[in-house]
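Both complexes shown next keep chain A, but they swap its partner, so chain B is in the first and chain C is in the second.
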Partner chain A sequence: MALKSAIRNLRNNPHLLFVRLPNLLSFLCIIVGVVWLLLLPLNEYSRNTYISENALLPGQVHAYFTGSEQNIFRGYKQELEGLLNVGQKSEDGQDQVELTPVISNKIRSVFEASGLKVATQKYEYKSAGITHEGENTYGIIHAPRGDATEAIVLIATWKTANDELNLNGVTLALTLARYFKRWSLWSKDIIFLITPDSKSGTQAWVDAYHDLQPESVQPLPLKSGALQGAVAIEYPFDHRFKNLHIVYDGVNGQLPNLDLFNTAVAIAGGQMGIGSNLQEMWEHDDSYEARLQTMLRGMAKQGLGYATGAHSSFMPYHIDAITLQTKGEGWEDEMALGRTIESLCRSLNNLLEHLHQSFFFYLLMQSNRFVSIGTYLPSAMLIAGNFTIMAIALWMRTGYHEDAKSDMSSDSSQSKKKGSASVTSKSGKPVGLNGPAVAERLLALPLTLVTGLHLLGLVPLYIFNTIPHQFFTTATYIFVVVDIVLPLILAVLLSNGLGLSTPLVPQQYLLIKSFALLLLGLSLSTLATLNFSLSLTIGLLCAPLSFITRSDCSSNPQRFALSGLGLGLLNLLSPPAVLLGACQYTGVSVETVLTEAAYGWDVWGMWTQVVVWCVWWPAWLIGCVLLGSSIF
Partner chain B sequence: MAVDRRKVAVFSGAFVLRLLLVCLFPSLPDLLTGRVEVSTPVNSFKRLQEGLFLYIRNVSPYDGGVYHQAPLLLPLFALLPDVKSSPFPTAILYFLVDLLNAHALSTISESGQSVKSRLHSAMRKHIRWDGVSIAAWFLFNPFTIATCLARSTSVFTTTGILYAVSNAVEGNSINAILALGFASYLSLYPALLFLPLVLLCYDQQSQTSKTPSYAVYFLQHAAILLGSVGGLLGLSSIITGNLWEFISATYGFHLLVPDLTPNVGLWWYFFIEMFDSFREFFIGVFWLHLAAYVGGLTARMRSQPLFIITSLLGVFAVFKPYPSISDASLYFALLPLYRHLFPLMRYTFFAVAALLYSSLLGPAFYHLWIYAGSGNANFFYAITLVWSLGLSILLADSIFAALRDEWEQANPESQGQEVKQI
Partner chain C sequence: MISLVSRSLQLLLLLLIACTATAEHTSNWAVLVSTSRFWFNYRHLANVLSLYRTVKRLGIPDSQIILMLPDDMACNPRNAFPGTVYSNADRAVDLYGDNIEVDYRGYEVTVENFIRLLTDRLDEDVPRSKRLGSDAGSNVLVYMTGHGGDQFLKFQDAEEIGAWDLADAFGQMWEKKRYHELLFMIDTCQANTMYTHFYSPNIVATGSSELDQSSYSHHADNDVGVAVIDRWTYYVLEFLETQVTSANSKLNLGDLFDSYDESKIHSQPGVRWDLFPGGEPEGRLRTVVDFFGNVQNVEVENANATEPGSLKEDLAEIAKLVEKWQRRDEEYSAILNNSTQQTENRPSSSVHLNQKKTVGPTRMTDESSWGKRLVGLSVIGACTAIWVAGSYLGR
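Up next, the complex of A and B:
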């Protein structure tokens, strides 16, 4: 009964129902969404990792990669060193190594001497005015017990993801190739792939493996079966290492099956006694803060969606892949790393079907703790939902006359309203008996404007993906200025009715906001299923847009001050301003970030930019226009 | 005849937009052709290409088991140059077909049949859009554009249906039935529209001239329909040489639903799950369900035959065996004719939001299922359920509004009152 009367009260009070309540609900959604995220690292909400796929049997086999193999390793390393002229340091302290065809030939001959089938592939990519080219070399061990329908890939890149020389990694791959070739227990082919760098080489190779390479990339002369898993090896220094750093983020925030990660952790920790880190958290004390920090770092990488290592390019093809990086000063040598990889390959070799048992959507917060999608998705969905709630509320609000509640004798004001509306409304009949009446909505202009502004997002998208890299910084600053000026111009145009029709009525402003928020909510909730972190980040950055309204009630100076202040604050949250702020905070130059982004667009098929320019930017722009229009 | 300026602007705008999309994004048509939401086994342009390849080489187009469309499409497309080398002639043919459809729509709208027919006259006649606006809604609907760019052959069925209706509202009953025969020949299900269409013709003709009784009129037109379909089938058997082969490959394919490729409808998942022994029974049930709406709606809404046709097209978009977004776009094309019912509808925003959500989430979940491998079939099926739910809400809501309109006419004193279910 009490509830019924409460509902009746609500129905009789449109202001509460359509203005106060949605604001409150939206705000609550955002708060709950953020708190939800912060709760995740607690023991009650996260889970210990476990191996789902029984066939993997991690660490159940003895690894024999020891003893005399070390001599082989040293021999190969010496041969390669001789060709590389290691030791010539450039000014910035990095090894300057030129990968000559001699080295490629050397690798080829080593593989051939070990009995592998070898092939090479040349590739070239152009992005933001920079040319990336190189030559991949790869060898295939045909499975003695298989029929060449499945394969595992071991990758060693000459340059690690941090641009260090990965001499030990490459040498280890060569040694393992010779060693693996002599075993008769492989039931999957093993492909050893040596690429010049982590950014483009694997992409060119994996694209060509699936015959989807662009013109500038050569096709592969030699192939094997369906790729089941890929492991990249990075050992970029000469001393012994302490820990393994496992990198698992793929392009566009796609993640490998959690079983692969778990297997690597289980083998390194359980069988070899090597600790494992993730997300560059070298000191992880399993406290709440450390877990939260790990999770947030993971989310930042996922949200940006760039390739974090040689393994990332495999993810779009549904090939689970990770990179093992050696870190720290300790007592583990290359043989321990080799045994870890041997054991990992043995586990993958056991697989009866593609990795599918475990999770594909997860957030890791420690090498043995994670939350799965069912637990974390609500937080991004709540934040996306707040926009939808607001959009629905605004839509319903536009359907009611503001003055309908006040009295029945408002016929004069209604007829005035009808006069301004080009479409006749049906509100001429008696009002008031059953609450407010339905008003006619003027849809054409709001729909056109919102669609048009979303299409306008294609312009910056095109510009930032095509201009040469040296102009990126200037372009960003120009865009900051454009973002300040454009909303004001649009606001002036709108308050003059675009020169076509009568000035906009308040209802149309509400409709513009409703459509913009509806689209934003729509896109973000779709995005949350594809890339949770990106959706959450953009949702939070757009959160103020829910609460911005066009004010025309208060007195003039106050209104100017308020909307001016609001515009200023909103401009701090515009996409280019956020980019500049983030670059300032992390100490990376804008040009580097944008070059990487353009590279991602051209080569990796990364679509973070599309979300930024076609979802975030239009929504932000419309928010600014609404705020700006209260000045004029 | 004076050419309407606005109409020219809308039509040329739509044409230029399509041309721009094809020129700016040359890979877009092929991308759309591959989407399961747009191309089903019975309207896919890719499959048409396969059939055409066989046909040009004098092999029966149905030999490969890939082509399931009507044989008369083949000589038409054989006249056009090869799509791979010169895609524009085919694209422009489709653009023109879209414009023809829009023209038929504006004819339907201008007849005013939707607000005032022989037996019924709406309460809010003054709230309506003119023909050009309705054509614009159709031409600039993203679903229509996607269907057109994907070169789906359902646009020809759409043409058949729209011309049937536009001839009917103008009183050309024979042309109307011939057009319906063409549509039914192409994809079978439009035959279900026969009953309301005959009623529409009857209403139109009885206003102007003396007409025979219902039964005679009905039989005459049924004979015309059978004759037209029979004629087309005869032509087809001349082309393919084997009547039975093509009937089982086209109409058999429609009726027995052997291809369970995912689409936006409800059949594929259901029949994947189905045990084989129940298959025939449930195919019967599903078809019966689809056909049952014809009788029910015709009986209840007798006074508004055009509304029956509109609603039935909505029902088909949800419940037919191989639906695609082109069916939805046809329903959305006719719905704005009932602009005067919109104020009475209660869930438009929610239905539209559900449709928008599903049209974004559908491709995303399909990607997760097929490409990323991190989702499964249930993801996509759940979204097709939401899509169907959105369409059903819209459909039910529009029928509610039409009934409410009739009721208000019967009870003028309770206009604007809230209704309570007793």
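Up next, the complex of A and C:
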């Protein structure tokens, strides 16, 4: 009975039902979502990694890449070093040596001497006014007893992801090619790919491998079977190394199968005794803080969705790939790295089908600890859900006459006395059992406005992906100003009914907010399944949008002050402002970030900007317009 | 006289029956099955090939071994030693060798084919090499290995055989007289659950691990890159290779099963005796070579058969007839006594029959035996005369 009466009370109290309860629920969703995320690094919520795929058998084979192979390695290295233009040193003293055609030919001849089939591919990309061009060289070992239907790729980029000269890495690839060629146990072809850089070369190559290259990229003259996995090698210094840094993030936050990462960790740690790091966490003590930091760094990379290494370009084609970077000062030499890669190749060689057993959606917090999508997804879903809850509540609320609330509060005692028999109307309005009357919704203008503002997002998307890179910083500052002015102009226009009709009624403002939040909630919950981190980040940045509303009841000075303050704070959360803040915090120049972003859009097929300009920015703009409209 | 004959016949029958109960088997068959394919299951094929090698060593010919291998590890491109399969990291013995006959290979290894093989429900055009030609005198060894679970064994990732399927297959084999005694061995996870449902007699079953237990591999070869043999099979083979050195070995199943060492096998092997006549005490006495070796015993044609027309059947029929005659005899004498006491002519069928029966022998005695004897004598005499004359003349 108590429950029944509670429900009846709720139904008879629209203010509680449509204003206070959704606010409370939305707020709870956000809080629970954040707390959920913070709980993930705990032992109770994360899991130890394990190898799911039986076929991999990591570290079960003895690796023979030692001894005389080291002499070969030194020989190749000397040959390559002789071809470097040492005079071309840049002002900071570092070798700034490009992959010249001479070196390219040398690599080609080394591959040919080892008995590989070799081919080259020229490519050229233009993005943000910069031209990226180069020539890929690759050689194929055909599996002596296998069918040529599958292949593994070993990549050595001439320049690492940090733009260092990767001489040891390239030499190791050449040595391994010669060494692998002599084994007869390969079930898959092995492709050795040498690219000039780790940003564009692999992208051009993998696009062309699947015949999806743009005009400016040459098709591949030589191909093999379906690519099963790719490993990139980076060894950009001459001293011995201590640890392996495994980079696994792909474009758009796609990740390689967890089995590949686990295999690399298991082989490095278990067989070779080399420690492995991830997400640039050099000192990981497996504490809660370290785990959380690792996870957040991974999420930041995933959310930004850019290519973190030569391996990243393979991910969109569902080819699992990682980069192995040597780090630190230790006692491991190139032979140890070679054996690790040999063992890794033997494991991949054991595969009978594409890696599929383990997770594709995961957050790593230590080289042997992860959470899977089932555990972490509710976090982003709750945050995205808060917008949907609010949108539905607003939709319901707009279905009632504005004066119903006051009606109800004043008449509640009366209607209680009359009991449920009073279904007749007072003052001619139809009053149902639920109390308030049903209002007609004025949909045309809110729908047009919300759709229009979302389409308006295409303008900055186009601008930021096409203008030359020198103008990026200026454009960002201009856009900050636009973001301050545009909502106010729109608010003025709206309060005048856009010059078309009478000023907007409060219901229309609520509908605008409802549609904006509905779209935001829908987009973010969809996005959460694809790129959890991006969805969560944008969800958190948009969280205030659920709670701001157009106020018109309080006194004028107070209203102005509140709205002005709200607008100011909200402007701090605008996309360009957040970008400037983040750049300030990390010390990266805005131009670099935006050049990278434009490059991502043009070359990698990165979708982060679309989400920012067509999901986040319109929702933010509408929030500002609503707040601004309370001034006018 | 009739009673004497009947008694002797009964004795003969009893002897025969007792004989079949303890009779030695007359042939040996082995069905060796690996059920998993793929490179990383190398060890399962190595298990089977090791056992194949052992039974061949102990005398079972290839024609009596059905070898089912779902994959070809020797020719797998991942094999660092092409054309070979080893079950030990020392790589002393190449199990693939020069003389291996695989009867069912690749995708032929299916549950259906396995059950059809056991129960002989095969098309006429299936060659002999793919048939289990065992009969009521055959001792059959069935060895299976692969990936299994509670009461099932996976076949090739695509299907599985259940414990009941296997029990029914053996049940049908018994009904169709396709084995004399059967030793069932299985090495898989939760192996012992596979023989829980067996119901046909004369089966000894043993498995590598109990319910909810895994069976483990013994060791891996670092050059081949995979585990090469399973623990239980490894230790069974160790016993067979080191103890059962010849086909004349007197070691029995008891010795084999006593050699199980749980601390080495890392799981609890099981043995099931209750289907065997005489249970464990009797079963333990069966020698290992009864199942792993071969016998050359000569079989009396149809000695143990029981179908219509066989000797056993005839003897039983005769015994029944003798009994019937005896009864009739007694009845007749009783009737005779009665009739002498009461009335002379009594139109009873039994008397009529008896009269008829008495006519039979008289008829036989009526034949002129003396005449026949004379004919016989004269023929022999003539022959002798010809012989004597021939030998005299030929001199």
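Throughout what follows, the second predicted complex is superposed on the first by the 598 of 632 C-alpha atoms of A that agree within 3 Å, B and C clash if a C-alpha of one lies under 4 Å from a C-alpha of the other, contacts with A are read in each partner's own complex, and residues count from 1 in each chain.
Here, a contact is a pair of C-beta atoms (placed from the backbone, for glycine too) under 8 Å apart; a residue touches a chain by one contact, two chains touch by 3 or more.
Owing to the predicted nature of the structure, the values given are computational and were not obtained by experimental measurement.
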Check your understanding: Given the touch rule stated above, what does A:Asn166 touch, chain B (first), chain C (second), both, or neither?
Key -> neither
Review point. Of the partners chain B and chain C, which touch A:His356 in the superposed model: first, second, both, neither?
Key: first
Check your understanding: Counting only touches as set out at the top, which of chain B and chain C does A:Gln609 meet: first, second, both, neither?
Key -> neither
Review point. Which of the two partners, first being chain B and second being chain C, lies in contact with A:Gln254: first, second, both, or neither?
Key: first
Exercise for review: Mind working out whether A:Leu185 is in touch with chain B, chain C, both or neither, as first, second, both or neither?
Suggested key: second
Exercise for review: Applying the touch criterion given at the start, work out whether A:Leu522 contacts chain B, chain C, both or neither, answering first, second, both or neither.
Suggested key: first
Point to revise | Partner contacting more residues of chain A (chain B vs chain C) | key: B
Review point. After superposition on the shared chain, which partner residues are touched by A:Val61: those of chain B (first), chain C (second), both, or neither?
Key: second
Study note, to complete from the structure: So the chain A residues that chain B and chain C both touch are none
**Study point:** chain C residues touching chain A - in the complex, by the definition given at the top
**Key:** 38-40, 75-80, 82, 220, 222-227
**Study point:** Contacting residues of chain A [partner chain B, same complex]
**Key:** 254, 316, 318, 354, 356, 360-361, 388, 391-392, 395-396, 423-424, 426, 429-430, 433-434, 437-438, 440, 518, 522-523, 525-527, 529-530
Revision key, fill the gap. Note: in the complex, chain B contacts chain A through residues 124, 126-127, 343, 349-350, 353, 356-357, 360-361, 364-365, 367-368, 371-374, 415-418
Review point. Where on chain A does chain C make contact in their complex?
Key: 54-55, 57, 60-62, 143-146, 183-187, 346, 349-350, 352
